[in-house]
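Note that the chains are named A, B, C and D in the order they appear, and that numbering of residues resets to 1 at the start of each chain.
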Amino acid sequence: MTSFPHSLLSGYRSFNSQRLPTEQARYRELSERGQAPEIMVIGCCDSRVSPEVIFDAGPGELFVLRNVANLVPVYAPDGAVHGVSAALEYAVQVLRVKHIVVLGHAQCGGIRAFVDKTEPLSPGDFIGKWMQMFETAAQGVDQAPQEPISQFLTRLEQAGVKRSLHNLMTFPCINVLVGRGKLQLHGAYFGVAEGSLSVLDHDSGEFREVTEAFAG
Amino acid sequence: MTSFPHSLLSGYRSFNSQRLPTEQARYRELSERGQAPEIMVIGCCDSRVSPEVIFDAGPGELFVLRNVANLVPVYAPDGAVHGVSAALEYAVQVLRVKHIVVLGHAQCGGIRAFVDKTEPLSPGDFIGKWMQMFETAAQGVDQAPQEPISQFLTRLEQAGVKRSLHNLMTFPCINVLVGRGKLQLHGAYFGVAEGSLSVLDHDSGEFREVTEAFAG
Amino acid sequence: MTSFPHSLLSGYRSFNSQRLPTEQARYRELSERGQAPEIMVIGCCDSRVSPEVIFDAGPGELFVLRNVANLVPVYAPDGAVHGVSAALEYAVQVLRVKHIVVLGHAQCGGIRAFVDKTEPLSPGDFIGKWMQMFETAAQGVDQAPQEPISQFLTRLEQAGVKRSLHNLMTFPCINVLVGRGKLQLHGAYFGVAEGSLSVLDHDSGEFREVTEAFAG
Amino acid sequence: MTSFPHSLLSGYRSFNSQRLPTEQARYRELSERGQAPEIMVIGCCDSRVSPEVIFDAGPGELFVLRNVANLVPVYAPDGAVHGVSAALEYAVQVLRVKHIVVLGHAQCGGIRAFVDKTEPLSPGDFIGKWMQMFETAAQGVDQAPQEPISQFLTRLEQAGVKRSLHNLMTFPCINVLVGRGKLQLHGAYFGVAEGSLSVLDHDSGEFREVTEAFAG
């Protein structure tokens, strides 16, 4: 047990002594009544992009799925194992969340690996196979002449959020609820360098930064 | 844009005005140098079990995969898409993390669905297919006569953490690094009601609660 | 057993009586914990260029591959036997080394054989086949009019180090780790006559001699 | 240049200030006359088993090939690239060494990977392909009932040395020179824990430890 990372034990002690006392009642209530979050966030595993931190969320608020590059596959009832689809099914049909937010971010390593066409790192080529899902997102998004790679990557990362939102709509249970106004889908993008948040404007198809004033 | 959940905008404003100022330099540095976390956490989507909250982690510290019931499949280089394996490949081979923590928790909805043998909620039966992975974890873990269901579920949840740890060892890149002491695997369990943390003691196979004194 | 070279037995006696006593604890520790070197050196078989001697390295410090002319092939996952690639895989994925140093040297016999276009010495023409790998290194490096052969050979030897570094980057596992700053590649060149060491400056592409002052 | 590992620069400074002054004349002579070692050592890349250290060898004494598990392939004039064979051709036909020593050692990671039947770590499975060469060495060497794994591994490691010696004899140039008494082949084994050296007695087929008295 002593081998458990010290930073985690130390972090838990901070949680236990500082944050938990103010939230103990909430945790107990959530334990007894069960969770009932209204929002699901689909984010990336990236260590710089924690949904609970960025949205300053308390216990019970966000049902969070995190995978490499915040990808959502197309609906496929083919009898195979689909981890993202299982989480969606649980969030939408069991928890009846009202919002699903796809949260992309800058400097995404998965998307960079896709652009660099990294050779397989293992016999399973797990990253490569996983990022193949990104191909439809990347279609039509080409690097412009003299466009800096960072700008191109940003456009790809944001296209990825839009594609995940598009793929969410291929799930019948989501499609029907969105159509009836019972469920809303949102896109967001976290700029790691500035700690900035942008939100997808469905009308214009653009991501717009949330300013202090706007956020107020 | 106005449809973006108010609670998230409000939460971001809190982050932006309170936490970000103290961490702005760190975010910028992480943007320029890239992430380099030493710890990967495999947790559940559950809204009550945020790794960053429980471990009071700052940006760049935890590479976090979250799926239903914190499951890890067996290594299968079969050319199919494997989201967990992709995240593992990235964490172990690209980021070279030194620790992988499987974080289970009380009142897990995925495991409850497994026990209740919930009928398919959709033609894809995504939860059902996903939780089939739990069958090997559940083998040999039977409800004792007069054992309260809550106690049985706890035992199942902890067996699930152990099974995920076992399956991690089927990945060659993990197996070989663990064998050489370059990578460590850990099991942890969050008790939602009390906000308690237990850590798996590999020798005894038991989860032991982290007390204030121990954590110090 | 008496046929075992006397010089080696005598040398072992020196090691055993002089160096081993001061390093016995280290050897035992390395035996129990396994090796964990942070540096891999790819050097030449040449009897004048021992990495452990030049870098005054103790047990456990350098993982050392030595072949004719310190060559690294291009990554080729073709199912064939590749000795250098096997050592790289072990160093990078199993030992997780942080540095790979390609150590070239003056008066390299392999490179001289390449320049002299030596006829095959055996039906296998093993040296010839092996040094074919050097052809891409030698491209564009031509002997200038009136350039002394020794100077031309030095330029070739240093071009060989650069080519080996270039080829290292064709290995996906190396490429991705270098890109993330988790692994560094270095070039070095040993001048046998003076016992001098030069280090490749990646910016200028030049080898610069390590002076006493600099090394301090 | 400043990124060059500090430990190597520091080590070079030690070499430059302490050992080089006493060997400067020897290095210069070796530079002018060329190397003329009488002994070739075929050793493992392992960081704990440096031939120059174990045999306290000076510049010009040992022509050293090092690969994973000190393996020698069977002679194969098939037009393919063979690194070990190239080094052998150079040592035997160009340098005319009088001795070839295969130096095995305890706790060999390559042999351990062979025994553990480690799954491929990369699409090239370079370690796996390389260690297939060990199969003939391992034939007939089975773990006895209740034999400790460490003892079994020692027997395998020593069988590997013998197999490499056997394979050396498949090279016509070596076979003929050994037959005429112009070249001798030797097996040795380094015990990392104690820093012990054992030498293969060709008559008995046993490795016998070199004691202080014997070494004298």
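In this text, a residue touches a chain if its C-beta (ideal position, glycine included) is under 8 Å from a C-beta of that chain, and two chains touch if they have at least 3 such contacts.
Going by UniProt, the chains are A, B, C, D = Carbonic anhydrase.
Only a predicted model underlies this, so the values are computations on that prediction, with no experimental measurement involved.
Shared numbers divided by all numbers used gives the overlap of an interface; between chain B (Carbonic anhydrase) and chain C (Carbonic anhydrase) this overlap exceeds half, so the copies present the same residues. In this assembly, the chain whose C-alpha centre lies farthest from chain D (Carbonic anhydrase) is A.
Averaging C-alpha coordinates per chain places the centre of chain A (Carbonic anhydrase) 16 Å away from that of chain B (Carbonic anhydrase). Put simply, the C-alpha centre of chain B (Carbonic anhydrase) and that of chain C (Carbonic anhydrase) have 43 angstrom between them. Chain A (Carbonic anhydrase) and chain D (Carbonic anhydrase) have CA centres that are 52 Å apart. Multi-chain contact residues of chain A (Carbonic anhydrase) (touching two or more other chains) are listed as 113, 119-123, 125. Residues 33-34, 36, 93-96, 173, 176-177, 180-182 of chain B (Carbonic anhydrase) are the ones that touch chain C (Carbonic anhydrase) when the two sit in their complex. Within the complex, the chain A (Carbonic anhydrase) residues that touch chain B (Carbonic anhydrase) are 1, 3-5, 7-20, 23-24, 27-28, 30-32, 34-35, 37-40, 45-48, 50, 52-57, 59-68, 71, 73, 75-91, 93-94, 99, 101, 106-107, 109-110, 113, 121-127, 129-133, 172-173, 184, 186, 188, 192-195, 197, 199-202, 208, 210, 212, 214-216.
Those residues of chain A (Carbonic anhydrase) whose C-beta lies close enough to touch chain D (Carbonic anhydrase) in the complex are 119-123, 125. Looking at the complex, you find that chain C (Carbonic anhydrase) touches chain A (Carbonic anhydrase) at residues 75, 77, 172-173, 175-176.
Contacts from chain D (Carbonic anhydrase) toward chain B (Carbonic anhydrase) in the complex involve residues 113, 118-121.
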